[in-house]
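What follows is a single structure, and I will ask about it in a moment.
Every chain is named by a letter (A, B, C and D) in the order it is written, and numbering of its residues begins at 1.
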Amino acid sequence: MSPHSSANEPAIELVGIDKKFGTVHANKDINLSVAKGSIHGIIGENGAGKSTLMSILYGFYHADAGEIRIQGTPVTIRDSQAAIAVGIGMVHQHFMLVENFTVLENVMLGAEGGQLLAKGVAGARKELKRLETEYGLDVDPDALIEELPVGRQQRVEILKALYRGADILILDEPTGVLTPAEADHLFRILRVLRDQGKTIILITHKLREIMAITDTVSVMRRGEMVATRKTSETTVAELAELMVGRRVLLRVEKGDANPGPVLLSVRNLTVKDGRGVTMVDDVSFDVRAGEIVGIAGVAGNGQSELLEAIAGIRKPVSGEILIDGQPVDSVDPARLRQLGLAHIPEDRHHMGLVLKFEEYENSILGYHRDPRYGRGAMLDLDAVRKDAEEKIAKYDIRPPNARLKTANFSGGNQQKIVVAREIERDPKMLLIGQPTRGVDIGAIEFIHRRIIEMRDAGKAVLLVSVELDEIRSLSDRILVMFAGKVVGEKSSDADEQSLGLMMAGIAA
Amino acid sequence: AEIKPALVYGTGGKFDKSFNEAAYTGAEAYKKETGTEYRDFEPTSDTQGEQAIRNFASRGYNPVIAVSFAWTSAMEKVAAEFPETKFVIVDSVVDLPNVRSVVYNEAEGSYLVGLLAGMASKTGKVGFVGGMDIPLIRKFGCGYVQGAKSVKADMQVFQNMVGTTGAAWNDPVRAGELTKNQIDQGADVVYAAAGASGLGVLQTAADNKKLSIGVDSNQNHVHPGSVLTSMVKRVDLAVYNAYKDTAADKFTAGVQSNGIKDGGVVAAIDENNKSLITPEMQTAVDKAKADIIAGTVKVHDYMTDNSCPM
Amino acid sequence: MEYFDTFVSILGSAIRLSIPLLFTALAGLFSERAGIFDIGLEGKMLASAFAAACVAYWTGNAWAGLGAGILISIIFSLLHGFASITNRGNQIVSGVALNFVAAGLTIVLGQAWFNQGGRTGQVPPEGRFSGIILPGADMMREVPIIGPLYANVISGNNILTYIAFLMVPISWWVLYRTRFGLRLRAVGENPGAVDTAGVSVVWLRYRALIVTGFLAGFAGTYLSIAQSAAFINNMSAGKGYIALAALIFAKWKPVPVMFACLLFGFLDAFANFMQGKSMPLIGEVPVQIFQALPYILTCVLLAGFIGVARPPKAGGVAYTKER
Amino acid sequence: MSTASVPLPGWISYGVIPLLNLILAFFFSGLVVWAIGENPFEALKFLIEGALGRGDAIGFTLFYATSFIFTGLSVAVAFHAGLFNIGSEGQAYVGGLGAALVALSLDHYVPWYVTMPFAVIGAAIFGAAWAFIPAWLQAKRGSHIVITTIMFNFIGAALMVYLLVNVFIVPGKMAPETRTFLAGGQLPKLDWLMALFGLKLGPAPFNVSFIIALVMCYLVWLLIWRTKLGYEMRTLGISPTAAVYAGIPYVRTVIIAMLISGGLAGMMSLNAVMGASARLQVEFVAGAGFVGIAVSLMGRSHPVGIIFAAILFGILYQGGADLSFEMPNITRDMIVVIQGLVIFFAGALEYMLRPAMVRLYQTARGK
């Protein structure tokens, strides 16, 4: 295929794609068309359904309904093999690499060129060499994946796709794990690929990247494709609004803050994630009684790890956390709760709730050792249920049934269960992660009001959210995190533009 | 009188080509002769044996014969529950007025086959593979050693036990391996007193072109030309006699001890092993038998003092 | 020289005892490397021992026996696959269940067909795999050191023994030098990688299980018609678990698997030899210590005291794309 | 759309599906019976009559069920904490040592009701001790508890055989077992209980440990659903990440759960050692630990379910013995086959019928 040939002819067309996971409607009647030889961006909040859509295109999931057309021909993509056959390659959000294999083995996997490896190996080496010179994708073919930095691992993923002769390349949040320099390198490669006639779909949360590299861009929200724009004809502001889609609705009434003494203090905290990558890098800040400190930032810049370290779930590598001036030495969430630290976790399904428990059982999670729920070793279920029912009434949790399995509540109500549990304990400090992710408008307002009430009652609140609106409307002070560091502090009336730039790592 | 006989085997199973098969042969012989049907049962575990004995007794079977020492405690219980029923236990002693305990002088029988082994051995080394390590099996071993050493005082006798649990009766692989060990060490005749595991001994000896000695039943036919002889316990007779005595109302309780004198233990010689037994061996065996009956040769019984003087 | 003879004898015994372990551990290697735990190796061994003995008894043909052993073992493997791959059931529960079925069914059928308390009939000599004297074994015997080793350890074993040792390099070659091996190792580490590479995870895992069944079939056959001449109740006697231990001990690698099996076989042979004998300084060592040693070693290894054993990462969990 | 996450009402999940699985298991067992030339229905008749037809039969059935309740509870408690304890067999075996030591040292001096509490504690402590090392290895070093407990079954067997053969054996006796306990070391039979129902217990060793087992069912129910520890165990078992969030100590919870599990397994020995044979014998557990897996799976890890499942297996064991007596062609090992099939269908294939049930349920509800 010759480069730059008929740039307007679509390489990919998706018509009416629909997908449900159990009761989650991940993709609702999606239509999308991507022109050949272009870079097309897809943006959307967490859980908007981007990865699902791409996985369907790649044959990893099966759509419940809809049609896929590649280069104008309708195709059924039964499995990834079929996708590869029609020239689609994908770099997954979570790398699909075998960690204790070499680069070469990973690249060859599924495309070995014969029953015996020996035959294909020489050819693969030659091909890797060619790809390296052609696109500047250099990696040592004999290195083990687990010994490579993530940037390199991603390069292997791209090589895998190209090795299979992909004409269409899908990259799912490729820069989430990359340093800015690595990201720039990646973009250079993508441009080369496009100029050679490849079609590229790029999924990202980062508007800066969209503006920098894409030709066209689509926005997804809550499983729906809400808009498609020419990049040259849109702005960061418009995209952000399309993405979030409800900024106009929210302005929480709140008075001025009345900060008291420092209750929570973080000193030179450094935290690594499971793979040993430094996610929080020498961070220090204070939270006072009676104020809400918001931490803004693009997902994956260390906010989650910061929150987990303070909550005693993740062990910091170095640094200090002081509560009420006292250093916390043990990594023990139970102990922290006794000290008056409540925590609404980011991930309610895996942390905040045991979905198979009945509602009342979740209403004491973490506080179950409290004497008010039973003396000694016993649990007083009557007391627990009574307590749960009071919370259900007070927080308008629906359906008002403490014996219902938690999994059977909707996302918003599940979140209310967590919020009620943590706030009703009357803690001194409150850690909140993504308080309203996947929660409907009514519940958002309710939860926001509770958070303000906590502040007004003299509690110290630390709020992490990727939703800028939320941060801006709740926080008294805003800290911006980028690449594991706090890159700046703003007051609550800071304008969105400058915050956005800071979040993108461009100091303002 | 008409009787309703029953038979409970040991866990080795009816056709173990050994102990249980001998009991089966006796029952069959009685059936053939009198036309009396009998019922038998092959338990696979200890609890099951007790249940079977009780089942028979409670359903009016009489006499009930249990072969194997494993049913001792079961017999103690059940026989006490059914004082009207006649019971026979083989290889163990149960002291109750309605129980006949049939025991054998395995030491004497083993002495005879030990003698043959000693004479047949060219290397001056012979072996013994026992099943479960219990006094009864040591008794076999001890008699065997005495017999072998009566040929040549410096005869070397290797002794091994397959195991220490009931599984030892059912592990021909390990038994074979132990036999191979002994053969490697120079043994050229190996005596198996190991229930079904013994088949592994006979097999290994045959595979390695050495001689073996069977036990309980006449096992000479299992590998003709390789099984030197078998130390036969006439369990068949015990079963047959028990049925016959009961039918004739002549059942007697108490211990019935069978040695060489009573023909209860013999070294089997038949067409399968004729070629292996030289005339000298035959005379030596006959002489030993006579000496034992006369009391000039005393075979030490391990179980009297839990030790073997050799 | 006497010590040397003893040593040769123990070595020969060790080899005979390690063969069923070796086949079984290699069998387990294929399924576990593909991400399917297999507690059911014991049952496969038992079932194939039974099938091999029956068919060898009826036909008087050892190879027919082997074929039957392999076939039944593959059927058990496929059942395990049906439960744990197709129906995403718990692999351990499935393995435990199949062990029970094998243990019971062999006796039930054995009793029904042969009436010998669950045992099969005595397999005739033509129905067995018997020892093969390698060329020159008798001439070599007199050569010091290597002579006895050649004549008594290397020569004189049955064909399955040689096949077992041949299976080690073959397994290695299949795992590391073929496309199937590459994919199999990958699917045990990250099935997602295999799936996105356009290879069916399900079919791949089924094929791995078929290989497992194939190899475990040899193990059972060896037990009943090479080492013995009949099937005996529960004759696998926990060897499947020892093989599993050897597999872990060898960190899921073919050549170390061979050494681990030889080690466990040696322990067993040594225990047999040591029976009733006393060791210098220690005195008579209870046989039970030797019997328990493989299990103790495995626990020590699992505790990470002898280098950590890292199992295949995706092992034990069913592959699901959709939660 | 995948059906995995569609909720089904409890009566289908805990009633209909297990029942269908059970029926499937019996269907295939019937095929085996048919294959060896016997009539499956007649076999079933013998089995049920043999297990429930007479007073002593019921006594035997309940005797077996008692053992299975203990081991079923053992497996279930560990399971609630997310641990798969395959070691109940070995823990019961070693637990027997505890019971026997108490019985041997007290039976001369005190009546059984004084011995009993000590024996319960002794059996539990020894069983728990045998679970401790695998538990510790899992909690501290991440060693897979399935493998370590299997290994400990074998190590326990070797240990017990050694002790029985070399330490406890009565001189002059054939079998490696302890001396017979005097009445002070035996748990009396429950004749009176059977008499209440107008049944004669006869020789069946149905004894007081049945009552201990029922008490344990209640205590386990209390533990799992009414105590803070049980709450922590369940949280850990269902969602390890939520347990971390809630500050539930992993090491402590795993070890305690396994100690309780091992202790319950150990108590199984009360029934076999002090209730039935009045002596410690080799291999007295006879697979009850493994049956516990099936019982726990069938009973959905709930004490009430476990009681029913244990009785079901008691029926299989006792009825199976009678069946093999009536039909010599069918050995008692048929029960092992059925047991395996029950574990296979109720455990390994538990999801097999689910999609079909979901579809049926949805059509029935007119969706």
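Quick note on the criterion: a contact is a pair of C-beta atoms (placed from the backbone, for glycine too) under 8 Å apart; a residue touches a chain by one contact, two chains touch by 3 or more.
None of these values were measured; they are calculated from a predicted model.
Colleague: Just grab the chain with the largest centre-to-centre distance to chain C, centres being mean Cα coordinates.
Modeller: When every chain centre is compared against chain C, the largest gap points to A.
Colleague: Which chain pair shows the largest tally of C-beta contacts?
Modeller: C-D
Colleague: Measure off the straight-line distance from the CA centroid of chain A to the CA centroid of chain C, and report it in whole Å.
Modeller: 47
Colleague: If you average the Cα atoms of chain C and of chain D to get two centres, how far apart are those centres in Å?
Modeller: 30
Colleague: Return the distance between the CA-based centres of chain B and chain C, expressed in whole Å.
Modeller: Going by mean C-alpha positions, chain B sits 35 Å from chain C.
Colleague: Using mean C-alpha positions as chain centres, tell me how far chain A is from chain B in Å, no decimals.
Modeller: So the centroids are 77 Å from each other.
Colleague: For chain D, write out the residues touching at least two other chains, lowest number first.
Modeller: Only 2, 4-5, 161-162, 331, 333 qualify.
Colleague: Could you say which residues in chain B touch two or more other chains, in rising order?
Modeller: 42, 44, 164, in rising order.
Colleague: Got the chain A residues that touch at least 2 other chains?
Modeller: Residues 21-22.
Colleague: Taking the touch definition from the header, please name the shape of the chain graph: line, ring, star, complete or other.
Modeller: Contact pattern: none of line, ring, star or complete.
Colleague: Touching pairs of chains, which are they?
Modeller: Every touching chain pair, ordered by label, is A-C, A-D, B-C, B-D, C-D.
Colleague: Inside the complex, what are the residues of chain A that reach chain C?
Modeller: 21-22, 58, 60-61, 79-85, 90, 92, 94, 96-101, 105-106, 108-112, 114-118, 120, 160
Colleague: What part of chain C is in contact with chain A in the complex they form?
Modeller: Against chain A, chain C makes touches at 176-183, 185-186, 189-190, 192-200, 313, 321-323.
Colleague: Which positions of chain B touch chain D when the two form their complex?
Modeller: Interface residues on the chain B side: 41-42, 44-48, 51-52, 54-55, 69-70, 72-73, 77-78, 81, 92, 133-136, 164-166, 303, 306.
Colleague: Which chain B residues qualify as touching chain C in the complex?
Modeller: Within the complex, chain B touches chain C at residues 9, 11-16, 20, 42, 44, 159-161, 164, 167, 170-174, 176-178, 180-181, 184-185, 196, 199-200, 203, 207, 222.
Colleague: Contact residues on chain D for chain C in the complex?
Modeller: For chain D paired with chain C, touching residues are 2, 4-5, 32, 35-37, 84, 86, 133-134, 137, 141-144, 146-148, 150-152, 154-155, 158-159, 161-162, 166, 290, 293, 297, 329-331, 333-341, 343-344, 347-352.
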